[in-house]
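Below you will find the structure I want to go over with you.
Chain nomenclature is as follows: A, B, C and D, assigned in order of appearance, with residue numbering initiated at 1 for each chain independently.
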Amino acid sequence: MADEPSAQMNNKFVHDQLIRFSHCDPAGIVYFPRFFDLAHATMEDWLAQGVGQGLPALIGERRIGTPTVSIQCDFVKTLRIGDTLRFELTVTKVGNSSVNLAYRGLKNGGSDEHLNIRQTIVFMDLAAGRAIPIPDDLRPRIEHFLVQP
Amino acid sequence: MADEPSAQMNNKFVHDQLIRFSHCDPAGIVYFPRFFDLAHATMEDWLAQGVGQGLPALIGERRIGTPTVSIQCDFVKTLRIGDTLRFELTVTKVGNSSVNLAYRGLKNGGSDEHLNIRQTIVFMDLAAGRAIPIPDDLRPRIEHFLVQP
Amino acid sequence: MADEPSAQMNNKFVHDQLIRFSHCDPAGIVYFPRFFDLAHATMEDWLAQGVGQGLPALIGERRIGTPTVSIQCDFVKTLRIGDTLRFELTVTKVGNSSVNLAYRGLKNGGSDEHLNIRQTIVFMDLAAGRAIPIPDDLRPRIEHFLVQP
Amino acid sequence: MADEPSAQMNNKFVHDQLIRFSHCDPAGIVYFPRFFDLAHATMEDWLAQGVGQGLPALIGERRIGTPTVSIQCDFVKTLRIGDTLRFELTVTKVGNSSVNLAYRGLKNGGSDEHLNIRQTIVFMDLAAGRAIPIPDDLRPRIEHFLVQP
């Protein structure tokens, strides 16, 4: 993933979240499954603000969901209550139905990678329960965040 | 709530759950919102095993939900990872649409109250979004757990 | 709780949070235990911004916690993904060690109460595991939010 | 991962969990971050029952944690409230400090893979905050679950 994508080729969606009491475990650090809640929140705001189509209307009106078919995460350094987690979200591949997302996790404005996540989501017709092509109105907005590997 | 209910008057539903890593906070004790997840699990098993009508079929087939309209909890003593939480569930009131539930929370087989919860649920037609009378087939099964205050 | 507290007597802390996918249940509405996570987040920001002493430093440096000893909640109307939950937090009583908090839950900028929470927290020496008087530097800041019932 | 490991070469730890209301999302299926909570519960019971050293004592008495340094998951088929998730846990690699775990997720006693997880955990001195060799008393118990790829 390019650190400094050219403005033409791609774009990254930057999203800050405060690490809260409820995210942390008896060791005082973020309990790792909570990072996936935090990444999901980033994806929701990216869809609403970056792609221009929020999940509430996508699910509620268009009956389209974006389930996750695979995800992987490397946890490099820990975060604690009071830290600010920054996720930089980029798109690494756009398929027919699927989109690959990458999240770089930074801490308190620093540039050190604390975790990274790679996720594949699929656009799905919720009534039929099967994958559908990425809607035409969303594809160019999604491709806007595509980075060249 | 009677500690030793007579067999005729009432019954209690006893449900044990292990306190896990994911329930605990940086102070090493159960983060209180997790107790409501644990109580919900007790209610689910009471509906399935005690009342004879599990939530999956109630929601999925009969389209009836049991939302919570009020809940209160006193946290008397803490629980930690590795403890076994026992909830003793009883019914304290049966209305037209509503049921009042009480949960006594005990630890590791002891009789000391560690927490208690009082909850009011309502039977609801999920399609119409409004309260309905407690279904006739469930009412006597629910009343079986009614305690005299 | 006064709706329009006089500026002298009290103050309310206003906190908005987006209802996300992770908060909602198979009925499409907020699963009630998640409201306690959301209220905890409001309390954390009130401590940091309203009282001037955030939980991370309170726990991490001063080794003081604020466990909840009782909580109750009325759920009046539902919230859904994409709604904005506003909590208006006020203080209803300040004891020696304890503070009573009230949260009015509003939706999307409206004034209709959707839920309300009353919570009692206690200042606690985490090392000794027992209640302590509210620290002198925090008491006046907390009393600033006290409303006359 | 061998489907039918020979009794000599390896062993699998089998763990069943009920999919509950709290695990499911507005689409009625398990919200994927909850699968990591469920896998963590399987790991906890494997440590306690399979390895013979539960996390509560490992953390609380020996001050050793087992943080996750990487995890990946493929979600093949969905699960719903009322389903029983079976995780078959095996060990795929034993390093100096690290252990690689694999979880096959099955539904309702079937043999169809619904999801699979690969996770790397590291034994860590919680006081020093650094990796340590797998404790000698635990290594053979862990290797008992090692499968030949």
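Observations on the model:
Just so we're on the same page, a contact is a pair of C-beta atoms (placed from the backbone, for glycine too) under 8 Å apart; a residue touches a chain by one contact, two chains touch by 3 or more.
Since the structure is predicted, the reported quantities are computational estimates derived from the model, not experimental observations.
On a Cα centroid basis, the chain most remote from subunit C in this structure is D.
Counted by C-beta pairs in contact, the busier of C-D and A-C is A-C. For the pair subunit A and subunit C, the distance between C-alpha centroids works out to 29 Å.
Look at where the CA atoms of subunit C average out and do the same for subunit D: the two points lie 36 Å apart. Counting partners per residue, subunit B has 21-22, 26-27, 33, 37, 40, 59, 81 as the residues that reach two or more other chains. Across the complex, subunit B is touched by residues 21-22, 24-28, 31, 33, 81 of subunit A.
Of all residues in subunit B, only 20-22, 37, 40-41, 44, 54-57, 59-60, 80-82 touch subunit D in the complex they form. Interface residues of subunit D facing subunit A in the complex, by the touch rule stated above, are 26-27, 29, 32-34, 36-37, 40, 59, 65, 67-75, 78, 126.
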